[in-house]
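So that you can tell them apart, the chains are marked A, B, C and D in the order they are listed, and the count of residues begins at 1 in each.
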Amino acid sequence: MTKVTVWNEFRHEKESEEVAAIYPDGIHGQIASFLKTSGLDVKTATLDEPEHGLTEAILADTDVLVWWGHIAHDQVDEEIVNRVHKRILEGMGLVVLHSGHMSKIFMKLMGTSCDLKWREADEKERLWVVAPNHPITDGVPEYIDLEKEEMYGEHFDVPAPEELIFISWFEGGHVFRSGATYKRGNGKIFYFQPGHETYPTYHNESIQKVITNGVNWCAPTSWVYPKYGNAEPLEKIGGK
Amino acid sequence: MTKVTVWNEFRHEKESEEVAAIYPDGIHGQIASFLKTSGLDVKTATLDEPEHGLTEAILADTDVLVWWGHIAHDQVDEEIVNRVHKRILEGMGLVVLHSGHMSKIFMKLMGTSCDLKWREADEKERLWVVAPNHPITDGVPEYIDLEKEEMYGEHFDVPAPEELIFISWFEGGHVFRSGATYKRGNGKIFYFQPGHETYPTYHNESIQKVITNGVNWCAPTSWVYPKYGNAEPLEKIGGK
Amino acid sequence: MTKVTVWNEFRHEKESEEVAAIYPDGIHGQIASFLKTSGLDVKTATLDEPEHGLTEAILADTDVLVWWGHIAHDQVDEEIVNRVHKRILEGMGLVVLHSGHMSKIFMKLMGTSCDLKWREADEKERLWVVAPNHPITDGVPEYIDLEKEEMYGEHFDVPAPEELIFISWFEGGHVFRSGATYKRGNGKIFYFQPGHETYPTYHNESIQKVITNGVNWCAPTSWVYPKYGNAEPLEKIGGK
Amino acid sequence: MTKVTVWNEFRHEKESEEVAAIYPDGIHGQIASFLKTSGLDVKTATLDEPEHGLTEAILADTDVLVWWGHIAHDQVDEEIVNRVHKRILEGMGLVVLHSGHMSKIFMKLMGTSCDLKWREADEKERLWVVAPNHPITDGVPEYIDLEKEEMYGEHFDVPAPEELIFISWFEGGHVFRSGATYKRGNGKIFYFQPGHETYPTYHNESIQKVITNGVNWCAPTSWVYPKYGNAEPLEKIGGK
């Protein structure tokens, strides 16, 4: 059974009644809630816990980490970022949601600014599936409508996605590569754009399906780490 | 005319008579020398210069940076690494040679460990062109033989190359993805594996041709940086 | 100087006064016209000429072929398709425009159905640049607005683009991967979606810039064809 | 349970005692044999059966098709090729082995010549894993040694693999991209190079593991075919 840790900075929910009304158990609580219904073994962790809830022991017991952060990216300790990074290279999957595009861990994995255009204007978003044969879109309709979302628009400064899964249409005239996969070391990464804190996006069943599929896709294939360093020859060199 | 800065840590040449005999003007001097013959505007910079020779002014006057480093990666200042990184995202090209695979700037751009297998055994390397239609292999024969090189072997822990240009065969039984391109922000990156300091690799004409082509391919297309941040709608939202 | 042949089925212009009014010299005439102004050596060819204007001699004198077809795809002779295909694998570039997505040559190169959604509804299209560092978008603004175009929508059944250059937003709520590159053999291919015959799309200066850049990008790097077939060993086998 | 059909042209086994001794039940029989032991539902089909054993009914009952062909590629009927192609675009997986690189179905899917270098010289092949985190290499050692195989060497004229899984080292000095994945329509494709008929390659347990993993990876995610053709707008156009 895949072991999932849902990480949330958990600040908006404490500071805003509007957000708390949508996510009374926190964004992490809501995400954990629907992941559990699909047979995953789910725990949560938040920024203000010791070591941000991401101790060596917790990470050692995590197959896939889900990440939601926004206003407190800079409060995430470098040492924890490096620890998560190492675990990903070893094989842990990572699902990065929404404003997590500017989290330290995602930026470290991408190597770019991860910057983009954005706008909070209560506008309609429509996510189009461009990879209908991908496990992440299994059981998902050809598009998902969200009545109101934050606009994220191109250009999105990330490496070209290894697999482009969704493209979003926004009412205000922008588009966005809103679902994308990457591999780094043994680890698989899925970035998925929707989920502004003031909208009930994670209550949408199609969005839940995508995130659940994303977690399953990111689950490690193997924890066997390649052997690096000095290597003996396997054939004779120079006739010897 | 493309402006190139060839950066070298320039330590082996000072510490080893063997290396100094091969590269009396330093590895940077040798690389600059053949780049100049193809009409590029070339200068050099080395680790022990102030700001490693990579001042704001120098970088602002550089279209493509060539990087050779090995034993002193950790002596490269973080601030300079960040400066180079920013310049690459803006559009500067980067050619990373040989042991530069573990340089701070390359690791920051890749997001992985960049680790690999290696062996110093005076063995033959043969670089096979796998992208014969790529500008980097223009005028290069279908393979390049190097009588003696350091073995770099798989697994090479980098993101899957956006374009794989060369695969190397080693006498001792290993293979390596020895030429690869990436894009990060506006910047183009070419990694090219040969060039151990104790072999005369940068005197080989085919290797020189590849590096020259690589510099030209990495030259910036444009310095127009995308606009990021808050964006006004281009269409009416909610009928307004 | 790059030699370009602009191919057009040239039927709509003869059958529709509306189209003829927009393109009095044919779509091929208009495209040839602006390509010439940028210093390219341009000729044209059309379906009803002998061998569709694509004789061995013409192809041997063509570096980049531009293709516009729509209602007469099935009238293109298989032998000519195979001849064009062979020339592309040897190194000729191919720019496929608009409804050329269902041409025999494009389908043969892609290996998929190349099918998509479409709608003729006089709707606005906005093409967003998603590869701002690519030669094809050099000098192009961050988006191009077309007041009226035919909608082409996802899912577009092509192999994942090797480079995704544009994503289009359509007023009616759809999106499309509207600029994409591929390589097949020595040949480079650029698909670019705009250009329905009843709209003056090829009179738009930004569209002209993209097509001109596309032609230049597709120009052959080299006509050196790899050696295939039986190959002698380069090293001793079994100690012999 | 994934339904697999193993297709073999089944000629070498009838014409050569040497081959028959290695594969008394045919290459298809041997492949079917080890696939069955891993819980797959396996049947076989061969060239000389009516409709090459690939009737509409058989294909409709096939999730993944395994293809081995060599001397009789040209005897495969175009109609059957088109039928298999259609089924792949709908979602059927395809595992192409060894000389299947020049089969009509593989060439149709790739859009290139699929040509390569080759040599029959009883030489050693070593397949290096370059995607250690991929399901196809799960449980496979970092390299697989084959005492004797036919050499297939670069350049291999296929589109750049979407995922490169193996690179082979050959004793005679060549290299080859020997494991590669592609997607076409809903279908997943895995090309795997080893398997010359005069060597006992398909008796090797690591090779069996790779092929079994490949079949499982190619299994369809979904048979939901995208909707193409004329599409109604989802938003008002021109304010109407």
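Operating definition for what follows: a residue touches a chain if its C-beta (ideal position, glycine included) is under 8 Å from a C-beta of that chain, and two chains touch if they have at least 3 such contacts.
From a predicted model like this one, the values you see are computed outputs, not experimental measurements.
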Check: How many links in the shortest chain of touching chains run from chain B to chain C?
Finding: 1
Check: Copies chain A and chain D touch; is their interface built from the same residue numbers (over half shared) or different ones?
Finding: same
Next item on the list: Would you kindly say which chain has the C-alpha centre located farthest from the C-alpha centre of chain C?
Entry: A
Note to self: Angle of the rotation mapping chain A onto its copy chain C, from a C-alpha fit, rounded to a multiple of 5 degrees, please.
What the structure shows: 180
Next item on the list: Just give me the whole-number Å value for how far the CA centre of chain A lies from that of chain C.
Entry: 36
Margin query: Taking the mean of the CA coordinates per chain, how far is chain C from chain D in Å?
Written below: 31
Check: In chain C, what residues contact two or more other chains?
Finding: 126, 132, 142, 153, 155, 160, 171, 173-174, 183, 185, 226-227, 234-235
Margin query: Taking the touch rule as given, give the residues of chain D at its contact with chain A in the complex, in rising order.
Written below: 91, 126, 132-135, 137-139, 142-143, 171, 183, 185-188, 220-222, 224, 226-227, 234-235
Margin query: Please output the residues of chain B touching chain D within their complex, sorted ascending.
Written below: 126, 128-132, 142, 153-156, 160, 163-164, 167-170, 173-175, 177
Check: For chain A, which residues count as touching chain B in their complex?
Finding: 89, 108-113, 115-119, 121-124, 151, 153, 155, 157, 159-160, 162, 171-174, 182-185, 226-235, 237-238
